[in-house]
Amino acid sequence: MEDIKIHSLDLDGEDLTVFMGFPGSGLVGSIALAHMVDVLEFTHIGNITSKYFPAMAMMVNGVINAPVRIYRKDSYVILISDVPVHPMICYEISNGILDWLEPFSIKEVVVIAGIVTNEPEKRVFGVATDNNSLERIQGHAEILPMGSITGIAGSMLVECKVNGTPSFGLLGETINNPDPRAAASVIKILNQIYGFNLDVEPLIEQATEIEAALQQMAEQVEQAEQAPLKKEQLPMYG
Amino acid sequence: MEDIKIHSLDLDGEDLTVFMGFPGSGLVGSIALAHMVDVLEFTHIGNITSKYFPAMAMMVNGVINAPVRIYRKDSYVILISDVPVHPMICYEISNGILDWLEPFSIKEVVVIAGIVTNEPEKRVFGVATDNNSLERIQGHAEILPMGSITGIAGSMLVECKVNGTPSFGLLGETINNPDPRAAASVIKILNQIYGFNLDVEPLIEQATEIEAALQQMAEQVEQAEQAPLKKEQLPMYG
Amino acid sequence: MEDIKIHSLDLDGEDLTVFMGFPGSGLVGSIALAHMVDVLEFTHIGNITSKYFPAMAMMVNGVINAPVRIYRKDSYVILISDVPVHPMICYEISNGILDWLEPFSIKEVVVIAGIVTNEPEKRVFGVATDNNSLERIQGHAEILPMGSITGIAGSMLVECKVNGTPSFGLLGETINNPDPRAAASVIKILNQIYGFNLDVEPLIEQATEIEAALQQMAEQVEQAEQAPLKKEQLPMYG
Amino acid sequence: MEDIKIHSLDLDGEDLTVFMGFPGSGLVGSIALAHMVDVLEFTHIGNITSKYFPAMAMMVNGVINAPVRIYRKDSYVILISDVPVHPMICYEISNGILDWLEPFSIKEVVVIAGIVTNEPEKRVFGVATDNNSLERIQGHAEILPMGSITGIAGSMLVECKVNGTPSFGLLGETINNPDPRAAASVIKILNQIYGFNLDVEPLIEQATEIEAALQQMAEQVEQAEQAPLKKEQLPMYG
Amino acid sequence: MEDIKIHSLDLDGEDLTVFMGFPGSGLVGSIALAHMVDVLEFTHIGNITSKYFPAMAMMVNGVINAPVRIYRKDSYVILISDVPVHPMICYEISNGILDWLEPFSIKEVVVIAGIVTNEPEKRVFGVATDNNSLERIQGHAEILPMGSITGIAGSMLVECKVNGTPSFGLLGETINNPDPRAAASVIKILNQIYGFNLDVEPLIEQATEIEAALQQMAEQVEQAEQAPLKKEQLPMYG
């Protein structure tokens, strides 16, 4: 029994680009790639399960979804995970996926993730495994000169580097809530690099709704915090 | 030494349906399938043991039972477990069983389990691994549009999905006590789908007895809680 | 390096009966089988060690004993363990032993253990892996209709069941001290089934000594508990 | 999937010297070897990743670096790690690297590390795996007559010893801050032994800056500790 | 990569005796065998490392020592360990060493260790794996009739027993400090059995020094304990 099982159509054709998104800060990778799958109508071609993933089935309209799914359209492949990857098993998952990709003709791997900063902007930061790949994102994303990327995104980039697979990472500036606005920022860059012409308006609308809900929640918290204060103060002057 | 050992007659014949029940909420799967084995007089054809199961033998009339047993009648196979499966080993158990099923002609896998809600109804919820399987239960069970199923039931459905084995799950609405009434609800649906014509009256009677015993226990608890209260109150007014 | 090493003469011949005793409640299995080895003069034919056993050597008259030993006389084989088997490794030990037995002609496996009840009797309870084996002990032991047997005795019975090796278990009613009287009760039943004609008097004498010592210890504890009480009470009335 | 993956050009040629530095006390090995790679313009020829390393990517000018990198110039090979090696996996890492070196013609392995003493000097201590290697450093480093070296440096030296690979260790006397001055001391000895003629002035300048910053920090701490004391004392005399 | 690596010259010749000492109570085995290696001028012929040993290099005169070393002179082989063996891995280490010895002609294995008693004597206790080996030490050591020997010494004796390798253990009565006097007692017995004619005087001198130092330390502790007592008592009478 293999520790990681990949059931998928083979990736025939030449010079494929593989986009990967695992749940992380702001769910940036998952949201951006799910949007891309929906709007560009990618085909579901495969699934991944693993003894390293939690024992859990998730449903969409009553139909079970595999925890990690593989989609394809033309020369583009998308890999979306619904399950976070524990730091202890990133090496196994990264290499399991890259071993599967090995016989196919992969032009580049694009890792999409979030990065938490203390600023409200929605910049997109970029890193790459080699100078050629760095040129691909130069002028589109802000190059992160130094620092470190932890977790499965970091692991995947390192293994691509070691493997000799050209690869770059796009890290949307985000906070710790689901963040469609950061996902939109990443997609704008994918539009520039790949000419996808993907409409980000639906993501902006989602973001506005989430942000309004968070704002409302924050105001209620503020009122709730002020209200009892007044009640407690009243008897003091009574 | 294998980690999971399956000693069983081969599953010859075509288009078999495999029903599986592991102990979980309300023991719905175990109760429903044990009733089906008894009344329809299935034949015991195999056993499963594993290093992942607790070291324990259970007896029925002095005869040792394997922790997981395989039964068959015509094109129906039933797999009942007496031991709960720890979340950490669901992948191993699910795949061990599916690897064993692999050479046989399996039409569909039916996973029966319980689902705890806060409502007293005994509805049956359904999920499936593909749209064809979803149609099989449409109109019989209430389709669970979204959410997640954890544990061995979730794992088995995901692995069937990934495996390409058509599969659906029937989840009887239940509480955390053994719940023959929920098992009866599930069997009514199996009667509809497979034409089993199984009498659920014995399960309803069991349920009535269990419920009466629980009711009595609850009343005794209530009396016990009121009794000392009075004794404590008496001196206060003495 | 194997996890379990069995160095032994092969078990040639037909229709062998294998008796097994691991340390458990009352040490019933170990005491009964050691008595049988001594009185019937079985030959020491093999040893078992394992990475799962504690790192420890035990001596008899200055000579090291293996933790698990195999003895034989005619068509009878005895397997005695000095080391308890941790619940986590019962599957490995049971299957390691059964894998070794596999090429030989085994008629039946007899598992001897203790069972703790709250009653002073020294009954012997019986369970079996199939109806034929159950008939072998019917009328000799009290059949345990339901319940569960944990630990290596339970595991061994389950694996025999799954394996198709006819097997029964004799469980001597015991307490948590070494209990030769319970061992004697089991031997009386072995005498009935196999015609061993083994004298249990030495075990009864041992039991009487142990019981007298325990009784004396209990009385001393009682006196000790009463004595200081008096001393403490004296000054109170002084 | 291998536990340790080494992607590298083969080490052709004869009589190679391999320098190794893992992060440890004072980062002496990493600083010394990184300086050597920069100034002597070694070529990056390979990378190492492992399931034993933390899931993390580090960048240099936006380009991902593998956690352990292999460099070469003429008959000199340098191996630098950015990740510390946990004591539990030193055996695996040491042997993984030595297994990779095995087919090549290795003259000697030089392990560079730090050693914490309570003295302000920047001596360099030396140990070796055999008397010939000890002669190589005699007169250059102070031979450590006895004691023990823990961690990956110790493990690597032991495995070289057992392997029959001539090897010596140079341990720069250091403290627990990054210590370019200790690295400079080690490089002076490498200059003597290998005639590298490497300028250590840049390391001394770095050291001076770090030391000045630490000195300033220490003074601020001192002032901060004295300041509140005065404030607390004032009211006592007020 | 093997878990245990033994790099050694083959043990050619017939009827070899292998002495083994691992660090334990009083370091009796290590001290006795190191003395034998030094005085009789054994040749260092091999080393053992293992993933089970701590990551640590020890030096002698600046030269790294392997954690376990193999020495030989004529038909005598000595195996000395500087590292204690954790109870969980004794099986692996014992069998690793015995698997390596398997192809050679081994007459007997002699395990030397310490045994802590509450008495000041320096007796030597003996156990053996078979009656012939027991006769070898009868009259020289006091036979330990029953009891148990834990740890690597116990494990090695059990595995020799199971393996059919004649073996005996000599256990020097000791305390928990390095105990050359106990080592001397064991060597006197080796002199009797093997006619080594080894001078134990240097060990006795070492023992006298250690004992004097311990005595002095004990007196200082006693004085230190009395001194503050007086100081505390003074004010009470002041």
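To keep things simple, chains are lettered A, B, C, D and E as they appear, and every chain counts its residues starting from 1.
Everything below uses one rule, namely that a residue touches a chain if its C-beta (ideal position, glycine included) is under 8 Å from a C-beta of that chain, and two chains touch if they have at least 3 such contacts.
Computed from a predicted structure; not experimentally measured.
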Steps in the shortest chain-to-chain touch route ending at subunit D and beginning at subunit B: 2
Subunit A and subunit C, separation of their C-alpha mean positions in angstrom: 59
Whole-Å separation of chain centres (CA-atom averages), subunit D against subunit E: 37
Shared-contact residues (touching 2 or more other chains) in subunit E: none
Touch-based graph of the chains, sorted into line, ring, star, complete or other: ring
Starting from subunit C, with subunit E taken as the next chain, the full ring order: C, E, D, A, B
Contacting residues of subunit A [partner subunit D, same complex]: 87-88, 90-92, 95-96, 99, 126-131, 134, 143-155, 157-164, 167
Of subunit E, residues touching subunit D in the complex: 1, 5, 7, 47-51, 53-67
